[in-house]
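Here's the structure, in structure tokens; my notes come after.
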Amino acid sequence: MINSTMDVFVDLPSTQKGSHLSRNLEVISELVDQSVRNPVSGLEVLAANICRLLLEKHDYASQAEVNVVGDYFLERSSPNGKSSLESFKLIAKARNRRGNGLVKLIGVEVIGMTACPCAMETIRTRHEELVPNGGPDVPVITHNQRNVSSVLMEVPEELDVEANDLLNIVEASFSSPTYEILKRGAEADVVVQAHKNPKFVEDVVREILGRILDRYQHLPDEILVTVRSESEESIHKHNAFAERVTTLGDLRK
Amino acid sequence: MINSTMDVFVDLPSTQKGSHLSRNLEVISELVDQSVRNPVSGLEVLAANICRLLLEKHDYASQAEVNVVGDYFLERSSPNGKSSLESFKLIAKARNRRGNGLVKLIGVEVIGMTACPCAMETIRTRHEELVPNGGPDVPVITHNQRNVSSVLMEVPEELDVEANDLLNIVEASFSSPTYEILKRGAEADVVVQAHKNPKFVEDVVREILGRILDRYQHLPDEILVTVRSESEESIHKHNAFAERVTTLGDLRK
Amino acid sequence: MINSTMDVFVDLPSTQKGSHLSRNLEVISELVDQSVRNPVSGLEVLAANICRLLLEKHDYASQAEVNVVGDYFLERSSPNGKSSLESFKLIAKARNRRGNGLVKLIGVEVIGMTACPCAMETIRTRHEELVPNGGPDVPVITHNQRNVSSVLMEVPEELDVEANDLLNIVEASFSSPTYEILKRGAEADVVVQAHKNPKFVEDVVREILGRILDRYQHLPDEILVTVRSESEESIHKHNAFAERVTTLGDLRK
Amino acid sequence: MINSTMDVFVDLPSTQKGSHLSRNLEVISELVDQSVRNPVSGLEVLAANICRLLLEKHDYASQAEVNVVGDYFLERSSPNGKSSLESFKLIAKARNRRGNGLVKLIGVEVIGMTACPCAMETIRTRHEELVPNGGPDVPVITHNQRNVSSVLMEVPEELDVEANDLLNIVEASFSSPTYEILKRGAEADVVVQAHKNPKFVEDVVREILGRILDRYQHLPDEILVTVRSESEESIHKHNAFAERVTTLGDLRK
């Protein structure tokens, strides 16, 4: 883990004037120190441990919540096989109600690329001269842009979801992943791939949900899934946005 | 003018412990009030007036500086003739040295679209089947993206530069301007136009400078011009950026 | 209204591939134009009107949501009677379910000042020499800081909540309101007032809720109220934050 | 080093249409990889190495510039001796002109606390009953707030300036440093210390420059020093800001 910001919350009973805020920082400090010396398996485990210790230290509180967002880097191979470090955001949350067990949320936010199917179709229909001569399946021009998509899964503490799997799912759901280093040939490959997979923000959300369904067949129906996709439209000054909040059970219907 | 943020500065001689900060707010308040009742011709005139009054009120100071950035909206016609309000940033600065006269800076920051010439060329060369059948001058696919470009001109107080002219110059220098409302046909027109004018960030800077040279032939050589262009690359997670700081005299060489 | 950002959403049935995004911009454009010519009573009415028209134009959608945040300025009198324009954020939302009527949310976000009761008490107890000689009720030193607090009320469309009333309620709940222009005497008055009303973020939330209860005795139990307060702690690099989401009914218990 | 953002620039001769942008990413990637395996002594050395390699790889360019900002954490002891990790920003830049050698810039940006001398003086004069009974040297109430200050030094490549020294200099120049963990007694100590050292933003800048002068007596006159201080005024909605750009030579006069 490279860098992160952390928000922590505990509730306050009506009988108490204020919260002992310095305890929050002591809990964070203690567990971050431990995690440096004795690495936990993931950021969501750190969030869960902090959340549990918060309820111990604030004995007047009935619930605690911890939200962490960190910048991560993973090695990726571009189309020409050249590897580069690609950044993404790792999101971990934990919520703890006294006596009710702890819920973890684990998620990723990833930058990719979308190419618009609508402009492509209008141009294919109208501008005969712009249609490539390779036949009807070959991509025509359209607008494409940077897209930021995220998925967040809420699971009981004893179940595991790997951030790496979520990252792979989101990257596979763009028109194309993006890369920090692209020599000319690889740049062309990325552009061609994106135009062969034109996608609205709504499509990106649907594809992520489809892959979640495949990958997590072993998880129970109650698991909550939140998926968002936002395209920084190259032809507009505003963004296009889609979101679905659902459960694995609803997806299975 | 719709909304703005303002930074004001005065210098402090070594003989004085601190600046009378409340005077700054009084000057701003007085002149913004006046400008509501008796509109000045532009944001840079408001900046100049505040800058002059600052030196009057802070008699210990030898120089003053005012920077204002405001959100503006102007009516624009998209390719299908439909009009929409398009937003841009208006930048105005004023610098006043006691005894040396006042310098105004006026500029705009505009959102547009660039299409990459490099990927287009690689694809044209390599993928014969992706080349449109209308001949070699017809655009092939490439990556395109949102671009933010700005121009800032520093002129003596008695000379005028119109923000509207600067806005037109920047919009004409993108691969295509962008629009808030685009029905299907107009969306296709914008995409086609952008692909017929592929441009690097370096090209956008060059084109803005070329149009500045044409438009301001009557202005003296000393006028300072700053042009910046930044593309939110759709195939990368990082941006591409170009800048040139120069004078009309250097451009005329 | 001075400036604003707007997010609009409609849902998408499973039978439809994508949303007709350009309709959203047409709806906004049409109603903002009308509101300039024929001013509506408030930003939440504009949000409600846009929300209603969205469901008309997107006949496949079953719900729509509109969120607007705008920068406002209101004239305020500082302790020495000098008036200045003070800025705050006006928040308006509308949610419309086809067949279920429309819900409006109206809120304000205001900057003020809090002085910490805890450090004041520790210093009063420990440092006898720092206690003012005017007696035990006179304020001693403590840390104070900028605080940002907000209140948001969700009401059925036919009921009204005035943003001005909410603004007065939040300003009265800080240790002291803050002002853009303060001559020396008024500056001292603000500091003294803040130290006579030391408050945790939890106290600010409680006081806002108490005043909401007083002011809106005529509104029904179901009205949802969200109150947040965040202090940019001067003795820490992190902020302190409190929030309560409740109903008028729960507050009345 | 924990996390950082990096901007890199090379110039472009008039004879060349565009810059080979992918080379920039290759240079960064190569040197960041090396620095993980073979740690350099500091972030400014990394910036210098990237800057030098940029000119090698872009043979058409005559100058290169690299700017890096990273989040750092250092262990600090609060007044009660409890240690905590305190965050600050580390700033490193390098500028390289072909044939002219390389200039490094190293700097830090630190969060601290300022207490206002002006309100304190007004209250001391006017409100006799608020003056502590310990005598005229004992602090009275005033407004205090979060302050962000930075210092940046530009040195030839062969000279060294330690970020740790700069950090100590800035922390010593606030009314008081701030700490992430403060139990009650330590909280009171920080508040008392800040009120015994009331400071305008102008004072913070002056104190930093004074300590720079003491610490760097061995450095030559040409060294450029930039110092900034910004207070998030607790009694206003706007900030107070001071800046001085000078050389060691000018400071020595």
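Each chain carries a letter (A, B, C and D) given by its place in the written order, and its residues are counted from 1.
Heads up, the rule we're going with is that a contact is a pair of C-beta atoms (placed from the backbone, for glycine too) under 8 Å apart; a residue touches a chain by one contact, two chains touch by 3 or more.
This one's a predicted model, so the numbers in the text were calculated from it and none came from an experiment.
Any chain touching chain A that also touches chain B appears here: C, D.
The chain pair with more C-beta contacts between its two chains, of A-D and C-D, is C-D. Centre-to-centre, using mean CA coordinates, chain A is 34 Å away from chain D.
If you average the Cα atoms of chain C and of chain D, the two centres end up 35 Å apart.
Annotation for chain D: residues touching 2 or more other chains are 25, 118, 180, 182, 187, 238.
On the chain A side of its complex with chain B, the touching residues are 86-87, 111, 113, 118-119, 122-123, 126-135, 138-146, 176, 178-180, 182, 184-185, 187-188, 190-192, 194-195, 232-238.
By the touch criterion stated above, chain A contacts chain D in their complex at residues 2-3, 22, 25-26, 29, 32, 71, 84-85, 180-183. Residues 7, 9, 12, 17-19, 21, 25, 117-118, 200, 202-203, 238, 240-243 of chain D are the ones that touch chain B when the two sit in their complex.
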